[in-house]
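In what follows, chain A forms one complex with chain B and a second complex with chain C.
Take a look at the complex of A and B:
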């Protein structure tokens, strides 16, 4: 290859890079790329203030939200993204904003809101090829809200969206069907049931939620306070029995009911995090993500 | 013919290089990194019950922390925080909670002043006192009113 042509190629390549960095390589982007997310968020704030049109404003707000996401401050990331409204659903930024909103809702412990955001995007965007990127988050959110049938459909659709061979696709679909069979699903504790168990027999709700020791302590505590109250009343100390006995019993009895609900909810969270962690690892290892 | 095609080949390759130089900077959603983030964040969200320590843990043995009153106070506070408080329906109004506040003031100011301040705090932890609290001190995440011990120096 003659040297002139080599020079021509080098020139073209460097020209492209220069034009690109001149167009998008702002200080905020450079800070973001170097991992200084807090400083980048401040720089984007300045750029938001100086933005001359809505497109720039939305883009900088989106980038600022990404900084907060990297800093694991998902609430603030959502605050940045929430006011953005796109009249054109085919805008590529609309997809990215919806995606980040749904992810941040999920990471902020609000899977129902994440599902609402994804459904809004699916409803507004006619191009179903852009839906693929939402599928993993939607799947995790559906699992988190125990919507197993929907989650199964979502996972099957995600498998179909992959460019697997027919054999591999059939294998994956079978795996999804097995995963969502009733006997393989995680055993979720009903919060209502835990509370009702504790209402009927103090401490049993805690045992139902998986904390046997705590349940036994709660039962003994309630029984001893009730026994104290009865003993006082039996000996003629009615006021002591009522105030010190039944008053305190009311606190431990109601507390036991409330505690069993909290324990059941914590247990459910632990179970579903383990279940989702397995699915997350599977998606990362076996699926095309870009 | 060959000489005619050569410039076309060269310019097509040049154009490809031009677009390639742009593609490296194209912004796309990094799903793999997001899934990793989701995994680590959701594991952090799982509640791990942490035992609350004995007030004089890891402190050199002195009269201040080994006299009978301190031992009874520290022991009962430990039992209350780890085994009793979770069974009660009442929620503390303040942050730090009354038992944590008591632990901190006794550590800071000793048993006498600490005891008096704890008694004062317990008297203020009720529904009547709640009507007179400064909303500006409320933690929006925990919905508790800030009442740190440094206010009582």
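Take a look at the complex of A and C:
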């Protein structure tokens, strides 16, 4: 057999081996692209198992975390990303990992941790042009933690980072200033204040938290029990007044205080979700993320 | 031509067997990382389950994944498919038996463990230990004690757990059940005292305060308004409801306490049966 043919077959053989080993990696990508995230996560785990260097390992862990994010299992996504440590802060994977970590923290209901992660990235990364992608998550997290001044600065900076015309930029900056004016900001209910209101006037904490009807019913209930108690004592039924009246009143009074705190907390969540969904829609329609 | 054939065969061999060869260590890796759902998914894929060679190992890993996910019925089914030639055979059988014990299918568990037909130590001691535990759970305390005596006392892995099972046997012999009738009577005389006797001190005191409170209110209204007054009838009714429900509650409390005692013992036995299984095979 001539040497040329021998080399030809050797080439085919080596190609076969290479394609066989490369197939698994692309299989994960194929599954991910077709929306089979669970299956894709297994294939990426296989690549992690077979990875020969840290770069590959980190990359497949990142891809696996993306699968978990798509499956809305943010806890597992974070578990994959948390152990990754990058010595070189200019590594593009470092940016993507930090972004996914902060996004997963936010989606997992931990905005403070998301802010901590973004701040860590800003601190370590010298290239401020890469900060742009983090801005929407940072803005939403700052809103969730009621840091209005910081959120306003973040939004203004995000506007500056866009390639808007001077006119459009000025319009956007004005819109941000308006959005964060005190009168336009969502009215956050203080849990402590709601409880204290109910402590002094039963039912008023519920009204403060936005549940007027419930507050009025609570007030009437407490007032009638207290009136019954006083009427019994006035007529000489001291035991009935004390035990049946005040004993029952104590339960409804303490319960009302606790309930007003819960209502205030629920109202705050509702307000922030509405406020952030407005900002989210605005960013999606008018802003560039990359 | 020969060179071509050799290359072709090598390529075919690689593509044909590579998956089977590489799949087992990967599945083991997934098990070690606690990715049990992934293991089940991989093994359930047709291409793998039809492989002939590693079928026993795959059944073992599938059984283990189900066991870790607390799918004990599925785990048993997979464990029982592991063949006698597999190095995982004994472990699979013992864990299948334990699954059935946990599911309270004691007859099935006894059958699985007895079918092992083991004559040699230390596995024979483990069989006797497990069978003794099953008898305890079924309430056959005498038979359990006899079987426990057949466990080799020099077996270091089983020694501590066998002693613990013996202790449970002794406690069972000395345990005196509380009387629901006595608890009811006590609550009839002093409201709440029956619950205190049953061991629920907090509930007893709360019941005592509530019943006394309603009693005082009813007494006050009766003294000032007479028996025919609506208020007296209302608060008297509340007092009566509190009083009789207290008696009923005391009777129930004793039954609950007894059930809690039985459950605690049941869980202790299950725990003691589980420890040597892990120690024996890991």
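Some points to look at:
The rule we apply is simple: the second predicted complex is superposed on the first by the 225 of 290 C-alpha atoms of A that agree within 3 Å, B and C clash if a C-alpha of one lies under 4 Å from a C-alpha of the other, contacts with A are read in each partner's own complex, and residues count from 1 in each chain.
Note that in this section contacts are C-beta pairs under 8 Å (C-beta built on N, C-alpha and C of every residue); 3 or more make two chains touch, one makes a residue touch a chain.
Model, not experiment: these values are computed from the prediction.
Of the two partners chain B and chain C, more residues of chain A are touched by B.
Applying the stated contact rule after C-alpha superposition, one finds that A:237 touches chain C and leaves chain B untouched.
Once chain A of one complex is fitted onto chain A of the other, the partner contacts of A:49 are limited to chain C, with no touch recorded for chain B.
In the superposition on chain A, contact of A:148 is made with neither chain B nor chain C. Contacts of A:116 after superposition on the shared chain: neither chain B nor chain C is touched. When the shared chain is aligned, chain C comes close enough to touch A:39, but chain B does not.
Of the two partner chains, neither chain B nor chain C is touched by A:164. Of the two partner chains placed by the overlay, only chain B lies in contact with A:283; chain C stays clear of it. Once the two complexes are overlaid on the shared chain, A:258 sits against chain B while remaining clear of chain C.
Residue contacts after overlaying the shared chain place A:106 against chain B, while chain C stays out of touching range. Counting contacts by the rule stated earlier, residues 9, 12-13, 16-17, 20 of chain A appear in both its interface with chain B and its interface with chain C.
Chain B meets chain A in the complex at residues 10, 13-15, 17-22, 25, 27-32, 34-39, 41-43, 45-47, 83-84, 86-90. Looking at the complex, you find that chain C touches chain A at residues 1, 3-4, 7, 10-11, 14-15, 18, 25-26, 29-30, 33, 35, 38, 41-42, 213-214, 216-217, 219-221, 224, 231, 235. Of all residues in chain A, those touching chain C in their complex are 1, 6, 9-10, 12-13, 16-17, 20, 38-39, 41-42, 45-46, 49, 236-240, 243-244, 247. Touching chain B in their complex are the following residues of chain A: 5, 8-9, 12-17, 20-21, 24, 69, 72, 96, 99, 103, 106-107, 109, 133, 136-137, 140, 214, 217-218, 221, 250-259, 266, 269-270, 273, 276-277, 280-281, 283-284, 289-290.
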